[in-house]
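Notes follow once the structure below has been shown.
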Amino acid sequence: MIVILKPEASEALIKDITSQIEALGLQTHLSRGQFRTVIGVVGEEVKVDPEHLKAINGVEQVLPIMKPYKLASREFHKDDTVIEIKCPQGGSVKVGGVNCMAIAGPCAAEDEAMVHQLAKEVRAAGATVLRGGAYKPRTSPYSFQGHGEEALKWLRDAGHENNMPVITEVMDTRHVAVIERYTDIFQIGARNMQNFNLLFEVGKTRKPVVLKRGLAGSISEWLMSAEYVLSQGNREVILCERGIKTFEQSLRYTLDVSAVPVAKNLSHLPIIVDPSHAAGDRQYVPALARAGIAAGADGIMVECHDNPAKAMCDGPQALLPETFQKLMVELEGIAKILGRQFTKTPAAKNVPVSV
Amino acid sequence: MIVILKPEASEALIKDITSQIEALGLQTHLSRGQFRTVIGVVGEEVKVDPEHLKAINGVEQVLPIMKPYKLASREFHKDDTVIEIKCPQGGSVKVGGVNCMAIAGPCAAEDEAMVHQLAKEVRAAGATVLRGGAYKPRTSPYSFQGHGEEALKWLRDAGHENNMPVITEVMDTRHVAVIERYTDIFQIGARNMQNFNLLFEVGKTRKPVVLKRGLAGSISEWLMSAEYVLSQGNREVILCERGIKTFEQSLRYTLDVSAVPVAKNLSHLPIIVDPSHAAGDRQYVPALARAGIAAGADGIMVECHDNPAKAMCDGPQALLPETFQKLMVELEGIAKILGRQFTKTPAAKNVPVSV
Amino acid sequence: MIVILKPEASEALIKDITSQIEALGLQTHLSRGQFRTVIGVVGEEVKVDPEHLKAINGVEQVLPIMKPYKLASREFHKDDTVIEIKCPQGGSVKVGGVNCMAIAGPCAAEDEAMVHQLAKEVRAAGATVLRGGAYKPRTSPYSFQGHGEEALKWLRDAGHENNMPVITEVMDTRHVAVIERYTDIFQIGARNMQNFNLLFEVGKTRKPVVLKRGLAGSISEWLMSAEYVLSQGNREVILCERGIKTFEQSLRYTLDVSAVPVAKNLSHLPIIVDPSHAAGDRQYVPALARAGIAAGADGIMVECHDNPAKAMCDGPQALLPETFQKLMVELEGIAKILGRQFTKTPAAKNVPVSV
Amino acid sequence: MIVILKPEASEALIKDITSQIEALGLQTHLSRGQFRTVIGVVGEEVKVDPEHLKAINGVEQVLPIMKPYKLASREFHKDDTVIEIKCPQGGSVKVGGVNCMAIAGPCAAEDEAMVHQLAKEVRAAGATVLRGGAYKPRTSPYSFQGHGEEALKWLRDAGHENNMPVITEVMDTRHVAVIERYTDIFQIGARNMQNFNLLFEVGKTRKPVVLKRGLAGSISEWLMSAEYVLSQGNREVILCERGIKTFEQSLRYTLDVSAVPVAKNLSHLPIIVDPSHAAGDRQYVPALARAGIAAGADGIMVECHDNPAKAMCDGPQALLPETFQKLMVELEGIAKILGRQFTKTPAAKNVPVSV
């Protein structure tokens, strides 16, 4: 950490700050410039709260050198984390390293039949994991809010039938237990990236967590949110870039494709992109999905629907399964150029669901 | 609602869409332009989900005419809402209409003595309501997370002693009940503006809610979040602008002072500003507080501390009580120019706390 | 155009507005909703200035249906524009349609030898067009501002030697003539996207113009800037996405990769991406270049340097020629998947420069 | 300047960098931390280009300690700059220090009569300086572009008649001379904040320059643009905050009111706000003007019109003169609370214009 003092900082202040820092078992390194005095802090930065130093009169700036996250940082974990997700009937799928993963399914699990139908279709088209919403975050209190536990059962059964792991969004600390019972991966939505208690709760489980980036979340804040989960002992966090808020309003959000290589440089965690929510309009989903994989993402998450105009939510962004299939061919081609490949879901064996 | 079709939209599509809309008991109005056909929808828009229409091939744009919120809208509630908050020992304080309110106190309730000390000081300086954090949302999982229920007791007692209503942040649906027991106003933080389940829960209580704007929350989304609370029967929502994320990084956030008159035009709810979190640096807090009141805000919320360099959180932005006092004099002057006045907390009578 | 009136709009106002519009030879279409009256305007919208209508008391909103640009719009020009750029020694290179183009070279033309050296290297690595700065826009008045006309000569000669068309940035209306004399393509930088007089001047020439998107330029404003050039009779505009300003600051700018398919949908003009200025850091340039091509861009523009640490400007973002070569292989692979190909510069024949 | 090396930085690299820096006559200060080596640079930073150091492999970050601007910086010029602007018939008006200034007039100088009429009205209402556009930057090439030199004459005459200094926008280096001939203050518009050649040209004149902040201009970049003007010997720069681009789109731009105290802290130059362009809607102009003055601005610039619905540009944001008058009363009240006052234009004496 580097502490830059104001030009008028007195000797007494310099002494006071250095002794505060040294009292924490750290060393200080004084550098008196022509215009400013600078204090370098040597040792484990994490012991000093930069806020404390910034709050002192006479301190102009405090510049951390170390990242504020540790478990999420590539600095202490050089190799890519590869996460292995168990499939309902046996076998597993991988994400990270050379492995890419395609998550697909409806925005909301609308009824039992549609979930089963779509699961079959997206699997055939190349999806690895089945998605579907049971508890839906909706901007309006008057909109459809999801079918809750019943939808979880439909998803569990459809996932089982196709031997696909299932992912669904968790929005409330009170729902963690029920969602854990039925599904294989937790999704933390963009609006909950800094719902810290929720992060702690999924961190206490031992199921992978897809952590979406918040609409105003910097990459550093996002990795701090991953750190919340990791700090509880759950090391299976998959980052998901899904668009940020900017002045450009031609699409719903701006997919920050640079976040893919930047997050990969800072962290060892896998990162996927969600082009559906970023675009909010199906005609742009394939281009954004391709951009994500070309930038080095470890997978995509897309919404599909057989009849988007009848979808209970987010119809405008849902791909038809046939468009998704065509997209998967392009994505596999791009992945191959970069030395990657999409993992396939292992075959289903007709084993019944064990409840 | 206005539905704009693509140039190539067929007669069959036009017929299909109009009959879908009319089936909902609404009227349609067809306007064939030189380049586009436009369908106007007459009646209660709320019956048609714009998403459904947007998801139809051949539809270019769907433009709602009515706001998506109702209870929060000034259209159906012309007069300013004035919220009356009961004081612990009797009497009340008002916010809205001609009444301004100053909320002040420490970022976190650090210990019993400091809470009592600061409560007395901020009251003397002109604060109406006492703030203090018991459950703290922190970017890092390794930072101090608040003293929980114990801090709630300190706040309750200090509020009682000074006859000041108390506000604290609620972050988790599981904490609503305990916070309701000890305090007078719920605060929903910026990171939880779209924590919809939490909004529903505080909406079911009958205590006022200060709803902070999210860091990426548009004014319209913010009012939709207010609608979540209002829709549950709790009509006492106070909006709070506290800065948004923009490219400008010289301060922590960008206080969107325009949000004050815009929200006041769209909604009847009171709106206050929080210059402390917007600035993140105490030297800028007074200027932003004055700007907020000059723009027509119904009050401010500021953080104070007797020794900012020792504060357990957000020290850099804490005002010394004497600076806050000086600021209150300026704010009262500005309010007067605009025909407003800051409400005063009624006198404390030495009645003991009834637990 | 659709004019939405305030609920309280009187009959007199309605009459006044409709007669104003009809006086312009347009038809109006009145739709009286339950809450609002809406006036539809039928005919050539361009005749009514939405600002005039918005300025009338009683008007709530004015919604244009037609795009404000015409020559740039795909609506009136369905096919992709393919621009053919003449090479100094004969032949040409194409951009648009199935053709992709790679522009490469140094940030600034630093001296004659380096320009010739780099031109040879980037051509060998697959570049189609040579770039180099002669007049440099620099944030600081104390930074190197470019070698001016002398640099233009170096570029002209190096382009000639390798039979590569040359592009350089024009920043001042007073430089249009001299730059036109030496180079083949004008570049309008991000900071000049709305330097309207400059746009008019390059619009009066008959050389292609690469128009970079401004750091705060919406896609619609960008196309309006293209319209400035097109309106003067120069139909050869190539759009260039190079990153926008957002709250995310881990890289210099945020490459808005969605702008590629969105601009392609709205306009027939070719669009390329500039990953070098977007990233500001060479380690991220390849990922962003690949993302751009995968999203459907018609080419890239990148900065190269043989010794980035000695570069006179933007060293941190310069690729080594060997990295650029490796990147071109990946880009050609991705282009092929999408049915595209990079155009090659025709062979140089050793014809001397004709001054 | 502080240079942070990557963990893997070798001794050879450290030696190489330090010797490069020392060769410039500066001292280095090595600090070997547990995880990183940090090189502190002591002396005049301006001699080392941070870009050069950042471009070296093995360098992780380069943190400047000094601001990149000098003449604009408060560090080397502690007192507020007070600019005195000469009035056409004698006397002067001041801005900066305790002096506030109100600039008002039409968006565009539409015809001779309206300019004279409005000049009289805004002066009566409290305006100090007359504004009016002769060359208009318009988003569309098909919009009215201003009456050019003829409009400059109208403005000159109306300014003379009322003894008010006149300000108009300059957009093109080729117009500097003609505008200098007729008017008293140059305005650099937001879109030209980084039109560096234009900044150099107005820097060579000896007339005050109002420099608007760009729509994506950080405060630091804005001060660098001021430095361009100052570096040419023109020390009379007045900053003008007029709104930035953010995700919030309820108004045209987001007035960054924090920029007022931040720029005042970093720089000694006066700063005014332009609430008209920020809001784009007259109903919000008074609230934003008040916020600006309350935040400490040295003045405002507003657009007025007698018949906004007939205005040739920006009608929706034009105040009626009577609204402006009412606003001035409020602003004077707020200024007084802060120990400031609005300067008044000295009386006109009926001296004829000397051409």
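Letters are used for the chains, namely A, B, C and D, taken in the order the chains are written, and counting of residues starts over at 1 for each.
The criterion applied here is as follows: contacts are C-beta pairs under 8 Å (C-beta built on N, C-alpha and C of every residue); 3 or more make two chains touch, one makes a residue touch a chain.
Small disclaimer: the values here were computed from a predicted structure and weren't measured.
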Chain of greatest Cα-centre distance to subunit D: A
Separation of mean Cα positions, subunit D and subunit C [Å, integer]: 28
Distance between the centres, which are taken as Cα means, of subunit C and subunit A, whole angstrom: 33
Inter-chain centre distance, subunit A versus subunit D - centres from mean C-alpha coordinates, in Å: 41
For subunit D, residues that touch 2 or more chains besides their own: 216, 244-247, 249
Chain contact topology (line, ring, star, complete or other): complete
In the complex with subunit A, residue positions of subunit C that touch it: 216, 218-220, 244, 246-251, 254-262, 265, 278-279, 283-284, 287-288, 290-296, 330, 333-334, 337-338
Complex contacts: residues of subunit D adjacent to subunit A: 2, 4, 7, 29, 31-36, 38, 40, 42-44, 63, 65-66, 75, 245-247, 249
Contacting residues of subunit B [partner subunit A, same complex]: 46, 49, 51-52, 54-57, 68-69, 137-143, 145, 171-174, 191-192, 194-200, 214-216, 221, 224, 227-228, 231, 244-245, 308-311, 313-316, 318
